[in-house]
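The structure appears right after this line, and notes come after that.
So that you can tell them apart, the chains are marked A, B, C and D in the order they are listed, and the count of residues begins at 1 in each.
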């Protein structure tokens, strides 16, 4: 896991793995290998050259820190990486590596491979969180509790309805992310100006092969058309927001004097350096903290959409770190709230007492039917 | 049209109409009428009461400015509006109006009705813009022009490819908006705490009827679950960004010394108060200006997602004006860029001259096939 | 007051007046008159021409809606406005109006005049709010109450300390706004490309005169240097955030079961269309709602800073409506929270009861000294 | 330097040092040591205990990765850090460490120490950049060049005026940052609920001593009053935006066909993996990329202002990584643009040719006087 005390994005170990330097380099080399293999298959380069490139890419050991420094200096990762690859090849083959590709082809393909892997993790985690929420929803669907609107006691609700609503929001966000990834996680292969010049007129076939090998959607080049990425960033911010809605509710419910639900006790978590009696909603803190950061991150991709001409200046180079932050924040948030949901302590007495004190009766309307409908909808996804 | 010199969002007359006070009041009364009719049909209230409410809602004349002042004071539009409706009814029927509904039911239904109408306009306008762009794309698919990356001359492209790419971005944004509206434009009917108490156990049936009458999707209540609205806001910002990508390109192409394309001359537009020779890209200005504003607007809905409990405080009340701004900006942007696209002046000599000066040959790779593929994809939508 | 039901920014009547069309037109004509007078004084134009322009500007009646439509079409307010002014002048004088100025000179000067007037209102309102907060702070400085951290009962505080902290935040924001306005509210007079060509070598002297007459700071042209405006926008967002911090606290304190403080009852305010027993924190809602919107608005000015060359495309045209929104939101927020603060109902019994139930004793540390220090600091401003 | 290929914020080595784990731990221990010494001086703890704590803090070796994991689990850095400190102390002294302080006291003091150090670096770098810009401004003050507005040729300017304007923007941003740091870089010492309970009535004196030792401004506690931090974030975004304005101009000027100025050739920088002839404006790319990210980052601190009660949940925990990103982006941006400015290649022939082709004469108005005035103003800071 990243060890930056002050600045870590709070990603989980498995998300940090996805965005590790090793994974980044691995994806970049996988792109170069897939490109060579596709060009060999299509006869653009001879088979032995393709094989040599594939072998070299597979065997290359790269020092991440050194590469990072060179990439920063060059302004792109591809230049120092391709240089290393070519050095590892016989002279007559070296020029065949990265043939017809441009730096952004590599960078964008790495980006989409990481997005796809990251989204798979989030999908799994969101599903797990929804399962926990739906269980609470169904168990407490018929338990009368006071509902609160504009932070004031309002009318009774089934206590489980709040969980069903939270789950429905997270499930909606999960579907949107999956949909957007389905189209946005696609191959980038356009060459210098996005025309696929230098691919011997076989660019479409080569791109299709590379996409298939890397398990990405096929696509025309999209160097300066970033709508898909902006949509993924928005979908991540919505997922983070949906998880934070549940966190906000738990934080409010766990206030002393209300105390209807509390995060589980986890050894070493939620303590205070000054107050031994405190039991802080640390899981909710993680999720709420993520939700303060996500909107601005998503906005920066929205703001970068009007990129210049064939490949822009500054806009696309800003996207990678922002997307990595969003995936990290989403992972941390879902992980934290899953612990909260799975171990949630619900105080039936407090629920009943607060309801009684509110003095609004106990008519929970159609809460149970609504819970059933919401849970059924989530179950279908 | 709104006449606020300093602050108008730049919406078009037909978008301003959708967000006019008259339309807002009309939608709110349509909700009350549909609710009464559905309650009559389901036997919750007697038919004559339903008819009286429908008639009163249809005949009510409300002064918008007076209502706005009262709504601002009350903190909600529904209270002064329902009061007016009840005053117009016989005493025994008055209490049957707005039965089982809450202020936010009205507010959110108005919001979704306006969203749906607004999105229909944008869909039409985006389609028209895409048609114009695809025509340029096909006409100039095989015209060699210098491509530019990182704002530097790079390699040749087919001049039409840039239009195809711009159209593909706008088309992608258009589909996303339509998809999001398809689910987000849905009925809100939950009552005070979102349980549909007070609807005699017939809440689901009544909601379904109201949705059908208002041509909205049916839905469980979603008072504090705002993911759909945040997604619509993001989709609008993406659409605005995609239009601005085209605007950025035209603005760059119309620079003196490059001058490959220019906005059409429109009488009285693009002039300068100080320089009679100037011909400013005023259409692009509108679209770029919108794109500076959209990301922050979308972010504010993303930031409002963690709303409190059954119905939150401050979050949902912030959404209406922001969505109205986004729709207005999108409408203005599409209108401006449609004028630009339809009347675009393309200078073939300048294109050829700039290509020659770049000295990178004229191999446009697979530009024509890419244009065909992109246009075909757009055509299917 | 603006009467847009769905989209009004919630500005107060006096802030709406500052941003009214009449005020906008008035400022623009005042600029043209001041420019003519200064040019007359410096001998650039003959005195009689100057007098004629001043008289014409003073006597011009302009239909705002008509002007708005023309300005939207032209892409700038100045062109149709200057045309009207010239039409009202003898032919030989007409060309002397607006001499050496450019559209953005007019637009920016109007912007700064409105900013200055708006900031003066906010300064007055923030001061009044601070006075009310300091009074609560001092009255309750020694009243033990349970303090809350991470939304959990923590240790006792003096109940007044929270008000002193809220006031200190608002006061800090108030000073920052005043400081930024002090430099940002400055004359814009640069002419077409910001060189003051066309002012006969007397541009500096003319600018100084215009600044003095309009009570703005003197300045070199700043057409594409927008740091001051971005700072004003940020200062407004900070002020809105500081007011919302107080709103958040009151909303939390007024929750049932805690109930230590409540907004005053205001006839017709805070009611619910569904629940007659409800008493919603409507003032806090206004302030919190503003705080959801302000960050994105401020961000849009930050995002517009890298404007192109001498005068940019799209960036500066986006600023006016955003600043107007921020001033409107700040005004509404301060007005709402002043009503809350001045009429706040504090329940000493609830405070004591909650403190006792927390069981953390009643040691309020140095709360009283802190209140005194914070209030003294505020008092000095 | 951080070696995260995909996600590095682009900070410079010396800024990365300031935000390194070692520095973070060092500051936290320095806080604990200063607190103990101040408490010894004020007689709250015995001198020998103070000395022991100071010695232990100075001699403690902490594994950053281990600490980071524990901090993430605990929800705060202070708990595992203070535990380590106490373990290193005799039993009777252990409880005297961190006496009267709370986790946020440590966290916020670390934050302000890093802010102060970061701002000092930026101040130095911005000054150096301004010097380079002013030199260009003065050298080319009288060189006629075509000015451009709305991306179109407009009227002549002195070529140096653009540099003077860019420098003035950066200088304005530099002053603002220094001003904001002057007040925001202040001690945090409030204890559990911000009352300074547990400091024996000597909290004010102890805080003053700690502030002095750590070279921070003295202050009352500001746990939930974050206006100062939001202002620092805004000031950083403005600085990044001001640097990006210069970057935008150079990127536009270095377009082929215009080519009036170009970034210097730096070995290994600005190349293209596909086009050996390319010379990309990589320094401008760094600065523009930073400017796409900064507004959203600043907005997230603005959005976090309404923090709850005495110390909030989620808001303040989100600030640290965001501020670190902003400092890193600002450092990278200034470093990149300083290289650009100091080595800028200006093509006098291209300037003259473009001016001639524009056909607007060569009257540069008062450009030289404006350059002199702007440079003089910068020189005074």
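FYI, a contact is a pair of C-beta atoms (placed from the backbone, for glycine too) under 8 Å apart; a residue touches a chain by one contact, two chains touch by 3 or more.
Worth saying up front: this structure is predicted, and the values here are computed from it rather than measured.
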Study note, to complete from the structure: Comparing A-D with B-D, the one with more C-beta contacts is A-D
Check your understanding: For subunit C, which other chain has the most distant CA centre?
Key -> A
Exercise for review: Round to the nearest whole Å and give the separation of the Cα centres of subunit B and subunit D.
Suggested key: 38
Study note, to complete from the structure: Between the Cα centroids of subunit A and subunit D the separation in whole angstrom comes to 28
Review point. Among the residues of subunit B, which ones contact at least 2 other chains?
Key: 102, 148-151, 154-155, 191-192, 198, 244, 247, 251-252, 272, 274-275, 280-281, 285, 288, 291-292, 295-296, 298-300, 303, 313
Exercise for review: Going by the contact rule at the top, pick out the subunit C residues touching subunit A in the complex.
Suggested key: 148-155, 251-252, 254-258, 272, 274-275, 277-281, 285, 295-296, 299, 303, 354, 357-358, 360
Point to revise | Residue ranges of subunit D in contact with subunit A within the complex | key: 1-10, 19, 21, 24-25, 64-65, 67-79, 82, 98, 100-103, 106, 110, 114, 191-192, 198, 244, 247, 251, 266, 268-275, 280-282, 284-293, 295-300, 303-304, 313-315, 317-318, 320-322, 324-325
Study note, to complete from the structure: subunit A residues touching subunit B in their complex are 102, 147-151, 154-158, 161-162, 165-166, 168-169, 172-173, 176, 179, 191-199, 201, 203-204, 220-225, 227-228, 230-231, 234-235, 237-238, 241-242, 244-245, 247-249, 252, 288, 291-292, 294-296, 298-300, 302-303, 305-313, 363-367, 369-370, 373-374
